[in-house]
Amino acid sequence: MVTRIGLVGLGKMGNNMRARIRAAGIEVVGYDPRPEVTDVASLAELVAALPDDGPRIVWVMVPAGDPTRSVVTELGGLLGEGDVVIEGGNSYYAEDQARAGELAEKGVGYLDVGVSGGVWGLENGYGLMVGGDRTYVEAAMPIFDALRPEGPREEGFVHAGEVGAGHFAKMVHNGIEYGLMQAYAEGYELLAAKSELVKDVHGTMKAWTRGTVVRSWLLDLFVKALEEDPQLAAIDDWVDDSGEGRWTVDEAIDNAVPLPVISAALFARFASRQEQSPALKAVAALRQQFGGHAVKAAGPASPGAGPLEPPA
Amino acid sequence: MVTRIGLVGLGKMGNNMRARIRAAGIEVVGYDPRPEVTDVASLAELVAALPDDGPRIVWVMVPAGDPTRSVVTELGGLLGEGDVVIEGGNSYYAEDQARAGELAEKGVGYLDVGVSGGVWGLENGYGLMVGGDRTYVEAAMPIFDALRPEGPREEGFVHAGEVGAGHFAKMVHNGIEYGLMQAYAEGYELLAAKSELVKDVHGTMKAWTRGTVVRSWLLDLFVKALEEDPQLAAIDDWVDDSGEGRWTVDEAIDNAVPLPVISAALFARFASRQEQSPALKAVAALRQQFGGHAVKAAGPASPGAGPLEPPA
Amino acid sequence: MVTRIGLVGLGKMGNNMRARIRAAGIEVVGYDPRPEVTDVASLAELVAALPDDGPRIVWVMVPAGDPTRSVVTELGGLLGEGDVVIEGGNSYYAEDQARAGELAEKGVGYLDVGVSGGVWGLENGYGLMVGGDRTYVEAAMPIFDALRPEGPREEGFVHAGEVGAGHFAKMVHNGIEYGLMQAYAEGYELLAAKSELVKDVHGTMKAWTRGTVVRSWLLDLFVKALEEDPQLAAIDDWVDDSGEGRWTVDEAIDNAVPLPVISAALFARFASRQEQSPALKAVAALRQQFGGHAVKAAGPASPGAGPLEPPA
Amino acid sequence: MVTRIGLVGLGKMGNNMRARIRAAGIEVVGYDPRPEVTDVASLAELVAALPDDGPRIVWVMVPAGDPTRSVVTELGGLLGEGDVVIEGGNSYYAEDQARAGELAEKGVGYLDVGVSGGVWGLENGYGLMVGGDRTYVEAAMPIFDALRPEGPREEGFVHAGEVGAGHFAKMVHNGIEYGLMQAYAEGYELLAAKSELVKDVHGTMKAWTRGTVVRSWLLDLFVKALEEDPQLAAIDDWVDDSGEGRWTVDEAIDNAVPLPVISAALFARFASRQEQSPALKAVAALRQQFGGHAVKAAGPASPGAGPLEPPA
C-alpha cells in the first residue's frame, strides 16, 4: 500500500498535485531546485525519505526534454528493482520508450502519465492517461485515484497501453484541444464582427453553456474570460504552442492521417507570433509585380485610392 | 399570461418541444400536414383555437426555406395586431429580416429563435438564442422558460439582438459545432491509427470525460457512440451538412473573417460525400503527366511496384 | 468588319488595352471621367462616334459593382438592335446575367469577358475567357484577336459558354491564382526560415525558372521581385483581395466543392490585414483561463520565463 | 576535365539522365541491379572503370532511404581522397549531412542534388539544386551543365549552400508543387461542377496557357491530360505522396512556419487513399447521437427522406 511518494517539480502543476495527493492521505516528499519550496535538498534525499517496505514511487513533473531526461536518469541511479518512476510531464512518447528501456535494465519500472486539467485540477481532479506495465499501474493506483476526478474511475483515468501510450493519448488530447479552442475562437470573431446585429456576444456565448450542442468546459472558461474582459482588450493575440500540437501533426503525417482542422489551429498560432509574415509579404510583392496593385510599404502608410478600373 | 400557443411542425424536434412546453403547464395546439400527428386540420383552425385575451403566439418549427416561408406568410394572413410568430427553425438571418418586415406591415410581431440541443432537448432543455423586439420577447418568455434548461436563465437563453440575431447566433453556434466535431474526429482517427500503441481508444476517450480540458457534451456523445459500436463499423463516412455551416463560411467571407478551422470541417464533409474527387483525379493525372507516376486506374486495380529509382 | 470601337474606362488596364487594340489597326474611342485622358466628353458622344454600318461595339473596363452597372445601363439606353456591350471587368457572373437580360430587351447584345495578364498584357497579350451568344462573339473576334497573345487562338482565348461563363471562368482563374501565389509564398518563407542552410534563397528560386516542375510566369515575377528587393524589406505583409477569391469560395460552397487550398489562401489574406486577430486573442484568453499560461498583454511586453514545470 | 562518370540507378530518371549526359559528350558507366540494363556487374566494376587522372565522380540515382544509404556507403569503401559522390535522388537533407560526414572521414566528397523535371527532363533539361563544397561543385560542373536546361546557368542551376541545401531546396520545391497542383485541381473541380454554365472546361483551361497570370508548365501538362481524357474518366482519385511533401510540413512545424496551403494539399492526398475516413465516420456517428440525423449505413444504402422539421 502506498503511504508516501516522491514528487519532483513543484511548479504550479506539481504544487497543486502534491496538495491533492496529500488530501487523499498519501504523504508527499517534494523536490524542486528552488530552496523556498522544496522539502528535501536533492533527489538522493528524496529517495532516501521513501519507505522501503514496498516499491518506491517517484512522480516526475518537470518540463519535457532535457529537464525530464536528466531527472529520470538520475532517479534511475538512485532507485532499484521494483521501484517506479512516473513521468507525469509532457514527454514525447518515444522519449518515454527510451527512458523506460534504460530504467528496465536496472529493474526500475516506468509509467508515462498524461495529465489534463490545468490549474483547475486541484479542485476538480485531473484526467489521467497512463502507459506502462499493469503491475506498476496497479501499484500506483492509489495515487491515480487521489489525482483523478470524483466519479467512476474510467471517466477520468485510463490505462491506455504499454509505455508511451499515456503520453501519446495526452498528445492527441492536446491536438484536439487546439482544434476546439480555434473553433470557439473563430465563432467568437465572427459574432464580434457582426456586432451591429448581435448586440451581446458575451451573453450569446453564455447562453450556450447549458442545453446546446457546443457546451463544454472550454466554453465555460471562455465565458468567464469574457466576463472579466468583454472585449479581450487586455490580451494580445500572441499564442504560444507547447509542443504537443506539433507532435500531433507530425505523428499524423507519419501515419498518413489527414488533420486539416488541428493543423490549421496550429498554424494560426504560428502566424499569431509573427510580426510580419514573410509569406504574405511575398504575396504582396507578387501582386505588385503582375498587377501594379498597391502594396502597403513596410511602415505606417496605407494604400491610396486607385483609378477607375478593375483589378488585373 | 401565455396559457395556450400554436406550434407548426410536429417532427422529431417539434414533437419533443410540444411535450416540454406542455410539461410546463402551457397548452399547445399542434399543426402538421401529417393527419396522424396533428391536433387541427389547418393553420386557420390552429389560429382559431388560440385565446384572444392577449397576443396569440405561434411557434413555427418546419424546414428552412420554402416551407418556413410559406407557413409564416400564411400565418401573417391569419394573425393580427400584437400577435407573434416565432420562427424556431434554422432560417437564414436575412430571411428572418424579410419575413419580419412583411409581418410588421400587418402589426404582427416576429421573433427568430435559434434552438440547440437535438433529441436530448426534451430531457435537458434547449439552448435558445432569440432575435426581435423586447416586447415580443417578454410576451413569449414563459415559453422560453419552459424550453430552456433548468438553471439560471442566462445560461440557456439570450436575447441576442434585433430580428435575425437569434438565427445568426445559431448559425455561428453550428459553425463552431462543425469545428468541434471535426477536431474530436481527427483525434480519434489518429488514436485509432496508432492502435498498436494505444490499445484502448474507447477507454482513452472515456477517460477524457471528467477533469480534462477537452471534456464536453459532444465528447460524452462520442464515447456513447463508441460504446455502441467500438469500431464505428456500422457507420458510413458520408456526412451531410445542414446549411448553417455553409452560411457561416459565407458570412465570414463577407466580413473578411479568417475561418480556417470551420471551413476545413465543412470541406471535409463535402469530400465525404464524393464517390470520386474530381480534384484528386486531376492531381493524379498531373503526376502521371510529369513523372510517369503510377496512377490507379478507375476501377479495382492497384499501382504496381516501380523500378529502382527515385520519384521525379 | 470592326474598324472602330468604344472603350469605357482608361485606367491602367483600359489604357493598355486601347494601345494593343489600336496597334492591331482598330480605332478606339475612349471614355473616362478624367478629362485629361478621355477622347470624348460622354458616353453619348462615344456612341455617336462609332460607325453605324455594322454592330456598334463598346468595351466596358471599369470597376465591378455599381460603376459597371451604371455604365452598362446607360449604354443600354444609347445603343440599339444588334449592338454589343462587352463587359471586360471583373463582374460577378450573376450580375452579367442580369445585365444581359436588361440589354436583351432592347436587342442589345452582351458579352462578358474575363481578362487576365495584368500590366504585362500590353506586351504579352491578354488571356481572354468569353461568355455570350456565338453571333456576338464572332462579331467581336477581331478585338479578341487584337488583345490575345500571339500563337494559336485557343491558347489565349475561349468562348466558354453563355453569358456569365466568361466571368465565372475568370473567377476560378483568380481563385487558382490565390492558391498558386500562397504556395510559392509558403515555400519562400520556409526557405528563408532555414537561411543557415540555404544561403541563397533568391538564387534557389531563380534556378527553378527553367526545367523544373514548378516553373511558371508567377515564379518568374517572384524572382524579379526578389531581384529588386532580396529581403522584401520594403513590402508590408498586408494583402488585399479583389473579390474573385471570395466569390470562388462562395461558389464552391454553393456547389459542395471542397476548396481547402484556395480558401486557405484567401483566409491568409484576411488575416494579413488584421492588426490583432480577435480569434487568437480568444485562444490566448482561453489558455490563460485553464492553464494559467502566460499571455502577452496587449502592448509591448513579452511573457516572462516560467517556473520548472510542464505546461498544463 | 570530366570525361567519364559513374551512374548508379538506371530507372526512368537515371536512364534519361544518362542519355542527356552522354549527349553532352561525357561518357557514362551505368550500374543497376537489373542485368538487362546495367553496363557493369557491380559497384566495384563501375568504380574501376572510371578514369583516375582526376576526381572520380559517381552519381547515385536510387530511391531514398535504405537503397541510397547502402549504395553511398559501399561507394565510400571503393572511392578515395578527392573523389565525389553525387546524391541525385530525394534523400532527406539530414541524411545527406550524415552521409557526407561518413565520406569525409575517407576524404571522399559529397554533393546533394535536387533534380526536377520528371520524364520531360531528357528533352528540356533538369532544374538542379546543389548542396556541398564549392570545390566539388566546380569539379562536377560539366555534368550539371549537361543536365540543366539550355539558357543562362542560373535559371536552371543553383549552388544553394553546404551539404543538405540541395535536397532541402528540392523538398521545398516539391512542397510548393503539391500546393500548385491542388490549386489547379480545385479550380478544375469547380469549373466542372458548373458545367451547365461553363460548357468547355478543357478549352477554358487551354485558354489560360498564354497571357494569363496562372500560366505554367503544370497547367500545360494539365491541359494535355484533359486532351487525352476530357473527363479524366480513366483515372482514379487515388494520389500517392513521395515523402518530400511530408518533410516539408514537418520542417515547417520545426521552424514554426505556417503552411496552410501546402499542408492542405498533402492532407487531400492522404484522404484520397482512404476507403473510408475514420474521422468522417466519427462525425457521422456524432451527428446521429445528438440529432438523430440519418447516417448512411456502411454499405450501399442511402439515407431516407426525413419528416417535416428542421435539423437539430
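Going in written order, the chains are labelled A, B, C and D, and every chain counts its residues from 1.
Simple rule for what comes next: contacts are C-beta pairs under 8 Å (C-beta built on N, C-alpha and C of every residue); 3 or more make two chains touch, one makes a residue touch a chain.
Note that the structure is predicted; figures quoted are calculated from it, not measured.
Engineer: What's the farthest chain from chain B if centres are computed as the mean of the Cα atoms?
Structural biologist: Most distant chain from chain B: D.
Engineer: Would you say A-C or B-C is joined by more C-beta pairs in contact?
Structural biologist: By the number of C-beta pairs in contact, the winner is A-C.
Engineer: Please work out the Cα centroid separation of chain B and chain C, and write it as a whole number of Å.
Structural biologist: Taking the average C-alpha coordinate of chain B and of chain C, the gap between them is 36 Å.
Engineer: Taking each chain's centre as the mean position of its Cα atoms, how many Å separate chain A from chain C?
Structural biologist: About 43 Å separates the centre of chain A from that of chain C.
Engineer: Counting only residues that touch at least two other chains, what does the list for chain B look like?
Structural biologist: Answer for chain B, listing residues that touch two or more other chains: 116-118, 121, 182, 184, 186, 189, 193, 213, 218, 257-260, 264, 267-268, 271, 277, 279, 290, 312.
Engineer: Show which residues of chain C lie in contact with chain B when the two form their complex.
Structural biologist: 213, 241, 246, 249-250, 253-254, 256-260, 263-264, 266-268, 270-271, 273-274, 277, 279, 290, 312
Engineer: Within the complex, which stretch of chain B touches chain A?
Structural biologist: Within the complex, chain B touches chain A at residues 93, 116-118, 121, 124-129, 131, 148-151, 154-162, 164-165, 168-169, 172-180, 182-184, 186-187, 189-191, 193-194, 197-200, 203-204, 206-219, 248, 251-252, 255, 257-262, 264-265, 267-268.
Engineer: In their complex, what parts of chain B are in touch with chain D?
Structural biologist: Going by the criterion above, the answer is residues 9-14, 32-34, 61-64, 67, 88-90, 116-121, 181-182, 184-186, 188-189, 192-193, 218, 221-222, 224-226, 229, 232-240, 242, 260, 264, 268-269, 271-272, 276-299, 303, 306-312.
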